[in-house]
Amino acid sequence: MAIFVDKNTKVAVQGITGRDGSFHAQQMLEYSDTVVAGVTPGRGGQTFADKVPIFDSMAEAVGQTGANTTVIFVPPFGAAGAIYEAADAGVKLIVCITEGVPTVDMVKVMPYLAERGVRLIGPNCPGLIAPGLCKLGIMPASIVAEGNVGLVSRSGTLTYEVVWQLPSAGLGQSACLGIGGDPVIGTTFLDSIKAFAADPQTEALVMIGEIGGDAEERAAEYIQEHVDIPVVAFIAGQTAPPGKRMGHAGAIVSGGSGTAAEKVKALAAAGIPVAERPKDIVPRLQEIWQR
Amino acid sequence: MAIFVDKNTKVAVQGITGRDGSFHAQQMLEYSDTVVAGVTPGRGGQTFADKVPIFDSMAEAVGQTGANTTVIFVPPFGAAGAIYEAADAGVKLIVCITEGVPTVDMVKVMPYLAERGVRLIGPNCPGLIAPGLCKLGIMPASIVAEGNVGLVSRSGTLTYEVVWQLPSAGLGQSACLGIGGDPVIGTTFLDSIKAFAADPQTEALVMIGEIGGDAEERAAEYIQEHVDIPVVAFIAGQTAPPGKRMGHAGAIVSGGSGTAAEKVKALAAAGIPVAERPKDIVPRLQEIWQR
Amino acid sequence: MNIHEYQAKEIFARFGLPVPPGDVATTADQAVKLAEQYGLPVMVKAQVLTGGRGKAGGVKYCTSVADVAEHAEAILGMDIKGHTVGKVQITPALDIAEEYYVGMLIDRNTKRALLMASAEGGVEIEQVAKDNPDAIFKLAIDPRYGLLDHEALTMALKLTNGDIKKARQLALAMQKLYAAFMHADASLAEINPYVFTPAGEGYAIDAKMNLDDNAQFRHPDYEQLRDLDEENAAERQAREAGLSFVKLEGNVGCLVNGAGLAMATMDLVKYYGGKPANFLDIGGSSNPEKVVNALQIILTDPHVKVILFNIFGGITRCDDVANGIIAATESMDISVPIVVRLTGTNEEEARQLLTQTDLVAAETMDAAVQKAIELVS
Amino acid sequence: MNIHEYQAKEIFARFGLPVPPGDVATTADQAVKLAEQYGLPVMVKAQVLTGGRGKAGGVKYCTSVADVAEHAEAILGMDIKGHTVGKVQITPALDIAEEYYVGMLIDRNTKRALLMASAEGGVEIEQVAKDNPDAIFKLAIDPRYGLLDHEALTMALKLTNGDIKKARQLALAMQKLYAAFMHADASLAEINPYVFTPAGEGYAIDAKMNLDDNAQFRHPDYEQLRDLDEENAAERQAREAGLSFVKLEGNVGCLVNGAGLAMATMDLVKYYGGKPANFLDIGGSSNPEKVVNALQIILTDPHVKVILFNIFGGITRCDDVANGIIAATESMDISVPIVVRLTGTNEEEARQLLTQTDLVAAETMDAAVQKAIELVS
């Protein structure tokens, strides 16, 4: 069943006529037939890839195709606007791929989503892939396989690195979720872990964290108290110097907090094994996973 | 039972140490013992009229006295702030007496109140008096008497004028409500009429409107469809020239709409008698009221 | 408070709306200089706080300096609906391909700022509302989020029939108008018309704004926006004294406490065949100074033949009010008769006090009005 | 982006925060002139993008012109934690009766701007947080309504222990700080300390602000706030090339696609006993130009003894990426060995391509890191 999506998921792509939007919409289409609409103001009436109708607005896209989910590839200055539009149109899941969205924009959009009961993944994230079901975002479909491991991560390629190792252990994924590396994001580790814990398909969890904030610590606390399936963690950024932003806007050790060491300590204290190297993740999971 | 208040009403007075606040708090105290707290930041710990404790904040006032209602006598620049504070502290009825509150401030405060399920009366209004029960605001208690007529009005003294005439007809009031003459107000004619219609004590209604907006027309429509008790109306401003603000910020005929003639027509069309002179109100009511 | 087109344009420009250059002249010479500065053709536009200046000949298209001089000369000093034109705005005349209406006002029902827009620009929006209400699109704006990109763009695309380039300009103009409206504490803000040149460039070529007097405390610049020349002397005096006053054409001067009661009093004067000289709300107090101010303001009008006090004494007792009125009238030299009606707490005592004066006491509002009218004829 | 105290103060002042006068000097002469202009005593304050300048001797109280000259001379050019002081701020020294801390940052958990305030001003807030966390009051601000009057005043009254006059000033400062924070797209804004003079007048005498680089598109003034002298040349070059780069002290130059994988690569270098020379995220493409830029940036560091590519080819196929790397390296003259690890779609084909070059191919991340470290020693 995966998380956040199911067989009724119908996807609109906002910014479908842009460079990234069109490329990834094509990839999404190739993976499954869940993409039902594209949105680019001023391009309403056109068709994408000979089959997906393009609309001027999300309201029209939702009204005419029943889209309930959207993936946003709109440039940073319009990304928050696209989120408001999608929420206003009534979709219930928004995946914002856009990198470089101002944090204040995200702060402002959050209550709008909360008022409407809309889930946001991202921004600045690779999105979600539920193998065999659908792909929302930019994760490479070629490396995933259906299975029972849930993956949640703040980064993209590091996640793929881990996904890449699962087949050798005979494992696949229930869903693979990149929540993004920005300071203010919609779906957090905590939200994702709650969803995975409630998903019958997911039998084990891998959480890939990094420096900055205390989302990993919060997740650890929750896992210790509420999650019964095996969980293994990895934390990137042991060698990151304080005060420097490591690519992701949220990956920064500031005021002495948000260090990898603190996170590792909190996870260990919650009984969650923390792999030292990416390649240790799968073995550590197998150690604790009684299949 | 009156409307909006009952025997559990416990009143805080915001701005109790100001000139108007202290004068009217005294009057309210003399009318009933519902005033339980005063609020003036910086004056916490003092006592008003030897018995009402003064607090620095509404949060403290509510916390320590159980106040569930507030009457605001704070100057215009702080009035909206006082409304936010009261709503945040958890009171459910706010009466804002302050005249001269910027309209944009009221526009901004409205959703805050809606989110918290708080009723606002005013601003720029005389408030509410429920004879024999309590007085919230500045209406002269000396002229009211308990009875079964509900009065709702956009103005103050014109209402008193009508109240003054009721005893000669052997009538008193269930409640007398001044909703204020500003363009954006909390409780409208429609809200008041719904409440009066639901109040078993109220057997007849007098609605005193004036030029500007279409609140009277909306009320008329509602009354025609949903209200069974007799209603008489009066509209002030037949002689008001267009484009001129007649005292109340909301009493202005603009763009040819909001005229007294239009209102009278709508009321008459809804089967509501409209008195030509204030002194005709009570006789018109008696004509249609089968007691 | 209404402000002039040129002032509204200054505010609009401050918030980033595309306003063509322009400046005001109070003489034909200045007008010519400005026209030479901007280059011809230019518009000469009467700056006057009323509508219908176009029909009255207050807006002229000028292709030559001679035109400018002639029209500026004619328009300056012109009377438009009782307003004397003291200033003209000179602004380059644009080539106009399309005209839109974009406006914003406070909507009492939604309790929000209401955006209104129409592709039928350049005409009175009230007329469009009457003739073709479907041509006006409306949106009440949630103050928590402001006018969102997609809301503005969706409305703009309807206006431009899908022309995305024009729609983006219009949408941006709507958002900037909203910002100006909220930050300036406006009660009305209109761009009529918002035009596109043949090259597709959008401009707000006319501007109207009403500002909320109640918000003046946080806008120190409001005071200098007020055009004192446009204000009647009595109205200015009333404003300075903190009184609510509107001059009318009759001869019964009315002093009433409370705006609703004041309107009802005017209405009653008319009902009994008289003509009210004014609306005046003296507020709730018995303060003799306020009464003196009010009387002075009313007496600046030579048409006033009688003065009618209609006071409801509620919390302030009627005898106190009577004493206030007596003190005020005694300190002045008033040649017209004064009728006083005081109702409410201690009204008997109040009437008693009045019997010892020249003031004519009345028991009811109707009696007072009738007496006042009698005294006029 | 961090900005200097004097720049943050300019922003604060624009939003109405009470900031004492002040200006910057780049020479002792200028400093003296400014001191004479403001009148003594003054503070001479190093403008440097790091904390702890006070302890380092970068902030001096001066009672004479000679003092100013001497201290400005000493501070200008001073090295503070690797930053060279290029400017000093000269500002009148105030009499200080009380010091408060008022700060604001983005709180990831509430997803809001978080106001923090403490009566323990003038010391590092991290220290207060450690020693006496209850002394810091916090409030997450609802962006729909902003920092409301009563919220600010309630917190301020706690700070001042009920002193209403000071509380009102502090509350206003908090609200103005919030406005500055949101409008300037800050990620951190601090007044430390906010002081009261013995006469009870409040001032923000120190200011710190970090701005959100992502918001630069709507702040044309950001670019001129950036102190290019404070930036390391390689970091500036990376920023201009749109690459995410952080210089470190090691000798293994890392080029990785994705920030998380880049950090994990650095960590793995350390795990196997090596030292990463940098963090560098080259992003998702196989664009040779980007690879060339990245290599140039890394090679500005003479300590780099080996270059390690760690690329996960997902949607972009590994053979495409390999071709990109080959094209880039062939166009340059690189004297250090290069280890390339490519994983993902078509990784076999990619490794095949690399065998025809001088590049050292590795199958796994661990193998690549180990090989790179071997090549250094």
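Per-chain residue numbering starts at 1, and chain names A, B, C and D are given in the order in which the chains are listed.
Following the convention adopted for this analysis, a contact is a pair of C-beta atoms (placed from the backbone, for glycine too) under 8 Å apart; a residue touches a chain by one contact, two chains touch by 3 or more.
Given the structure is predicted, the values throughout are model-derived calculations rather than measurements.
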item: From chain A, the most remote chain by mean C-alpha position; value: C
item: Chain centre separation in whole Å, for chain D relative to chain B (CA means); value: 55
item: For chain A paired with chain D, centre-to-centre distance based on mean C-alpha positions, whole Å; value: 27
item: Rounded Å distance, chain A centre to chain B centre (Cα mean); value: 52
item: Numbers and ranges of chain B residues touching at least 2 other chains; value: 108, 111
item: Shared interface positions of chain D, touching two or more other chains; value: 144-145
item: Category of the chain touch graph - line, ring, star, complete, other; value: other
item: Touch relationships between chains, expressed as pairs; value: A-C, A-D, B-C, B-D, C-D
item: Contact footprint of chain B on chain C as seen in their complex; value: 106, 108-109, 111-113, 125-126, 129, 142-144, 182, 185, 187, 212-215, 217-218, 244, 246, 248, 256-264, 266-271, 276, 279, 281, 284, 312, 314-315, 343-345, 364-366
item: Touching residues (chain side chain D, partner chain C) in the complex; value: 144-145
item: Touch list for chain C against partner chain A, complex; value: 144-145, 148-151, 153-154, 157, 162, 164-165, 167
item: Residues on chain A engaged by chain D in the complex (per definition of touch); value: 24, 27, 76-77, 100-108, 110-111, 138-140, 142-143, 153-161, 164, 181, 183-184, 208, 210-211, 213-215, 218, 234, 236-241, 244-251, 254-256, 260, 276-279
item: Chain A residues within the chain C interface of the complex; value: 41-42, 44, 56-59, 78, 81-82, 84-85, 88, 108, 111-112
